[in-house]
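First subunit A sits with subunit B, and in the next complex the same chain sits with subunit C.
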Partner chain A sequence: MGSMFRSEEMSLVQMIIPTDAAYEVVGQLGELGIAQFRDLNPEVSAFQRHYVNEVRRCDEMERRVRFFELQLGKAEIPIPDVEEVPSEVGRSSASHPSPQQMDELEYKFTQLDKELKEINTNEEMLDRNNLELTELSHILRSTREFFEEAQTHNFDDNSAAAPGGRDEHASLLGDAEAGAVYGAHTVRVGFVAGAIPRERIPVFERVLWRATRGNAFLRHAPVDADLTDPTTNTVVPKSVFLVFFQGDQLEARVRKIAEGFSATIYPCPQTANERYDLGLQVAQRLQDLESVLKKTRDHRRRVLATVALQISSWSIQIKKIKGIFHTLNMFNIDASSKCLVSEAWVPNCFLPDMRGALSRATERSSSTIPPIVHVLATRLKPPTFHRLNKFTAGFQNIVDAYGVASYREVNPAPFAIITFPFLFAVMFGDFGHGFLMALAAWALIHWEKPLARYKEGGEIFDTFFGGRYIILLMGLFSIYTGLIYNDIFSRSVDFFGSGWDVPSVTKVVVGNWTGYSGTFNGTFYDGLTHNTSLPEDLYLDPLWNTHTYVFGMDPVWAMAENRLTFLNPYKMKMSVILGVCQMLFGIVLGVFNHTYFKRTLNIVCEFIPQVLFLLCIFGYLVLMIFYKWANFWPHSKAPSLLITLINMFLKFGNIETEDILYGAEGAQANLQSALVIIALMCVPWMLIPKPYLLIRANKRHAHAPLHDHDDQGHLLGGEEHAAPQVAAVKAADEPEEESHEPGEIIVHQCIHTIEFCLGCISNTASYLRLWALSLAHAQLSEVLWDMVMHAGFGNPALLFFAWGGWAFLTIAVLLIMEGLSAFLHALRLHWVEFQNKFYEGTGRKFHPFSFEALIKGQDEE
Partner chain B sequence: MVAGGIVILIFTIVFLVLGGAGFFFAPKGPNRGLVQTMSILTAFCMWIFWLCTFMSQMNPLIAPIIKTEDIAKN
Partner chain C sequence: MAPPEKKKFQLSIRFCGPKCSSCCMVFSIWGILMLIVLGILFKVKTVSLFEDTDDSSKTGTNCFIAAGIYAGTLLLSLCQRKLNQNRPAAPAHQYAMDSEA
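Showing the complex of A and B:
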């Protein structure tokens, strides 16, 4: 069965690579993704390794790429996917970059980084200038407004005094030096103008008031324009203010308070003329600044646009370089530091590919000495690697979720491909639901390629998409089981003609009287009166069953009142039969493990008694089930199989008359006694011989000399002259040997035996979940039909809504919820009941060094 | 009874043929073994499921009880 049945054979390969070719070798292997490198310096910390500088350089480059990404995000330039980039730009992402390219990249990044930072500082400076000028212009404007206002106010008060009061220059307050407002004293009234964040105004005002004892006058006005702070890049609402005061002392105080409130103070000329001139100047400078700023921004956009095109391929390249150096750090440096020694797990089927990669690498790096490759003999447990395709991967995931197969162990996945969807379908049997499920899976498969690229679906979508082939098979099997159960959205169809003769009945209505007429049991009822009407319930007789319905359930049961009474024993018995079959299959699969790993002892002392135990008890039960089905029983005489099975143990050697199933006087009792004796004998058979033989073998082994232990580091691949001083496999990560302590062996065997014997009983009972779930599913869909869909019959408008509700509930409850529950139960039956019969699942997964995985891992983060 | 045996025989042969066809005509290639396993298992699962259903109805212990109302024509 190829690689699905057992994991691939692995070799521990030692490569001795000249230092100058090492980078290229790892790069080539990374492209193929076929080698899992071992860390040969586990005791060396990450900072002491040989290529730590290169890794650091990669980190620095990654940091720069992140900086570029940040800049791109700020400039709102979308980053195209690698596939969307024109090929001549993205070409370099196809293969890993050489060390020279790494230097080039680094240089390019430094340049770009510098350029971008320069542009940014320039821009920030310009922005700051811009802000200051804008604020100043606002101040000038509001100062003017304020003085104008004050003047008109003044004009209103003393209308006679100043007939030409519109003239700004004549105003009293208009020029601050005109202290005359305040009467005879010619005290100088000064003012300070500035801008302050708007929310600070009230506090500022209060503090000013207190500090100057009410001798300062604050005027403020909000700035309507959005002023952006260039350092934080946030919009800060601001107000401009004017503070009037008298005297130099107060001026110093006011200025200090303003500074304390982080207000910006601008020099504001005292006279209106000067202010006017300044205003013109500011406007001129603002205009110039605007154009410079625009040019700077354009320049930055151009630079970033070229960055955007390449950034995806850059980050991929850096990932690759970093991955290569990380791997190189796992290598041993030869004493002369002329070559590196590496060890890697490589599946045997990929060994030729690996040699090809090595020769390509030698060519590309123009190294004179080719790398030397050995296959090491080792006691280390190799990693588990199954060659999968998109169809089998989902099923392997189900198995791996329980435990990764031990190396070369029988893999349950190829069998689960069929048995898993089948057991699911036993619980989910409904033609309609199965059809919908298969349809959904078919859609996922049909639009596989576009959907695979769809990343926004979230985890739930990814799970469904990853399991699309499982869902398809589950749907298809549900169609089959649905046909057998004769359930199509809980309705039945009569395909082949029912085996039961159902009398034809006519409803008779006479006045208030409703009766039923027809021929039943040889008597004609005309249905006209109470005495001559058919009874409400028609009891059919088993003897009237003319033939057995050929395929599936007879549709007559769909309308029978005692449907469940008939279905339950059938589904229960079928669950037991399926369970015993699957458990037996699991035990038989164990033989493949025993023979492959040459554990003859396990065949004799485990497999044979296990099979006998299972067959003598539950195999016999299955036979009894079939026997009972195959024979006709007058209703009261049918023996109960479960009680027969229990009495087989409790009333050993005897048999109750009501338990007699077959055979002449005592034959059944004798056979059952024999089966019980065999089953009971299996228990000590499993329990005693194996630990005894193991302990004896260990004792003998302990007396034997230990010379066959040091075969490590023995080179198989020829070329023995290569590197004699290379230490091969370190003892540090030796695999744990099986325990040799006699006590442990005995305890282990005890647990194993008890687990198996009790497990047989509890696992068989556990398969009854097939019956329970299938019953629940059928009942639920029937209830849904009766309660929702049925309510709509007879009224087209109501039918429409009833159908809508029914369809929605069918999908939400029956398909998704019930599907998930049946999925989980099928999962459990496989993980526990099936796999514990043969599967260890203690392996570790093969994680080759592969660029593809590295780049994918980036997406997952 | 006899008829039931014949039906079982026919269906068993049908499923054997289906499984055998999958087994012998599986496409050559690395997945041949997998396809063969799948077809044998599929045939077995479908067969035993059908068999249980059929045999459970061969000699019914109980007969349906039907509400007269359910089968009445007006």
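Showing the complex of A and C:
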């Protein structure tokens, strides 16, 4: 039965599995996700475990998949989701792969890895060739340009006076050319040509100058084409250079310097004709290279495209295999290494499923011996598991964020489904805001499936999306409380006709005229609309009330000057009533824990005095609140409840005349004295009997050594215990004694008692936040309307902007900011004020081995 | 030369992204509905709105005009949405198709 009230009953199951079927068994259980395996060899390090080689193989395959992903990213090929891949490719991801498939996968990966690496080296080599040829062609072109330029300058040399330095260079160049080409009788002038990263040119030039003592001359020109370095794949701006010099010694020196600057030097023919021929050759080779490169790239792209289709399902499969081997590493290996022994927590409701999975696994692995399964009796605390659906999961998360319920403890989550949105709505009461909130949540729910796959929203969006059902309920409850408060974007609506009949003596202002309005017979508003004016200083007097408004606040209060004097005490009292009810409910829930865990002592020594204490003080306050609401003090000041409550203690046995609420003077005083005596008696009742009885019981335990043996809380595993202990599971639920030292017991009880008594007072005061936040919300939305909307009513264009600003601020401030603040306060009221009355929250969550969780959790790791 | 010009023209018309235009659309719808309701309430001289105006009939008309302006922004945002939807989608499966060809 899927009840949320308590967590599911758990069994510790021992399985003895033949080694050849173990992989399949874990795989089947992983598909179902129903078993949490215990680590049976925690003292063994990760490297000494049995299946460490398999895990290492999986790591290697994961590395390969990452390499493929990197390649895909470089080639800018998108990786489709598993759902988008055609079924015949993605089908293998539906169930976990067998060990044979793992081998196949590994082989496939090795092949692919080799192929891709080969293609990559080829491509890099081709790219390098391409780069070199391109550089060479640039060098040839610039060399030609240099010499042509030099020649023209040479001719001009005598005729025109060109600017100094340049002219010198030109003539030198001319000489060089002459020397190189024709110079049989001059000293040989040689040159070295190459390419160098552009930013190194100035330094290169300076070093050359120094090293050759000015006897080398450098010409350089930037290469305008983008040259990509094949190893780093970045664009490096380069320049080509020509260095002219005389003699072989200098040549060697120049070459060395150029190498030192990581320049590439290309053999450049000396004569113009040879250079021209080489240019043609280079162009031809470049063309060939281009077509080869294109083919290589196409091939690579084809290979990667097939990889892209399968890569998601591959990585899922590897995750599954790795998960299975990790789990297998937790198992104990039998001495004969013929079978594995494992222990797992399984919810009782899933035990039949587990047996089904085991028999399926035996079938699939064609093992002859079925695994042996039995339930172990244990004193270990089982993990907590609640069966949830997408609606209840959000509320369980709220509770789990505070503390995971102890095993089989009363779970506050099912009650939070109603109380949480309700307390939120008390603070957030506005029909308009609630409606918008519910609408937004409805949109999240309506487009649930596409939004669940939307991953770019970030953490904030995920939080809102995860809490969509909570937000929906919060919105709906806010609509309800908004109707009670009669607030729609801070304005009131008159649905049923006001119950107030304001007499004619009210002062009204019409334009400059101040006077007294006519009678408002029955309907208050008609008179007002007729006069298009407002009664100033409209202080509503209870005597004018003719009947109660049908539902919620009477809309007339929206116009009354004494609105807040009425609303504040009303909401304050409401908060106290709600708070006392919720705290009382929390204490009562404790009884279910006490009876379930058979702690009769706690019922007598904790539950009864706690209830009496709360009811005698705050229960009485609630009764007084109702009494005061029901009665009417027309001519005298009504007694203040808070003062009355305080005086109940301070002026014990007496009563001030202004505190008298009901009955004769003596009656109220006597009743209050009796309540105070009962409440004060509850304190020692909570404090003394329980530690006394516990200590006495412990002393008796000490005389009975048999019990001590049981108290160790050790696992009663092993073969000799296994058979008779199925019936003993129930005994494992018995609580472990928290402490045995008498001092500890007494201190613990003292803290507990003081915490409860002070807590009752401070928690009741804490519930006043319901009133405070509700007031703040109502006032803020009224201020927003008055400051922003009000300003725009005179002019349509202004109204357009005023409404836009108002709508934006309503969303940003009133819905999101105020909503978050009210949410946090509601959370606090549940965690602190409600749950500390009964909830331990010291359990640990059930984490079954499940492929689904493995695949989903890939980002968390 | 004609196609690139046309493309540039289209780009300049689409000044809102898909999220922005959807957001504007929602706000416009809310604005129209709420301002029409407000206008009607002013016209029938609802008492709760008394503090907001001296001349409720004129204010009601103002509300209707502002609702009209929001109808304009609604049309605009709908156009933007349409343009966003017609925009060529990112070449998601192009490579896969190439490889099969």
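Going forward, the second predicted complex is superposed on the first by the 757 of 861 C-alpha atoms of A that agree within 3 Å, B and C clash if a C-alpha of one lies under 4 Å from a C-alpha of the other, contacts with A are read in each partner's own complex, and residues count from 1 in each chain.
Quick note on the criterion: a contact is a pair of C-beta atoms (placed from the backbone, for glycine too) under 8 Å apart; a residue touches a chain by one contact, two chains touch by 3 or more.
Fair warning: this is a prediction, and the values are worked out from it, not measured in the lab.
Of the two partner chains, neither subunit B nor subunit C is touched by A:Gln281. In the superposition on chain A, A:Asn631 makes contact with subunit B only, not with subunit C. Of the two partner chains placed around the shared chain by superposition, subunit B is the only one that A:Tyr480 touches, whereas subunit C remains out of contact. Partner contacting the larger number of subunit A residues, of subunit B and subunit C: B.
After overlaying the two complexes on the shared chain, residue contacts for A:Asp494 are found with subunit C alone; subunit B is out of touch. In the superposed pair of complexes, A:Thr306 makes contact with subunit C only, with no contact to subunit B.
Applying the stated contact rule after C-alpha superposition, one finds that A:Met559 touches each of subunit B and subunit C. Of the two partner chains placed around the shared chain by superposition, subunit C is the only one that A:Pro78 touches, whereas subunit B remains out of contact.
Look at A:Gly794: by the touch rule set out above, it reaches subunit C but stays clear of subunit B.
Common to the subunit B-facing and subunit C-facing surfaces of subunit A are residues 534, 559. Residues 1-5, 387, 389, 392, 414-415, 417-419, 422, 426, 477, 480-481, 484-485, 499-500, 502-507, 516, 534-542, 544-545, 547-554, 556-557, 559-563, 565-566, 569-570, 573-574, 577-578, 581, 626, 629-633, 635, 638 of subunit A touch subunit B in their complex. Of all residues in subunit C, only 27, 30-31, 34-35, 45-54, 56, 59, 61-63, 65-66, 69-70, 92-93, 95-96, 98-99 touch subunit A in the complex they form.
For subunit B in complex with subunit A, the touching residues are 1, 3-4, 7, 30-34, 36-38, 41-42, 45-46, 48-50, 52-74.
By the touch criterion stated above, subunit A contacts subunit C in their complex at residues 75, 77-78, 80, 301-302, 304-306, 308-309, 491-494, 525, 528-529, 532, 534, 555, 558-559, 786, 789-790, 792-797, 799-800, 803-804, 807.
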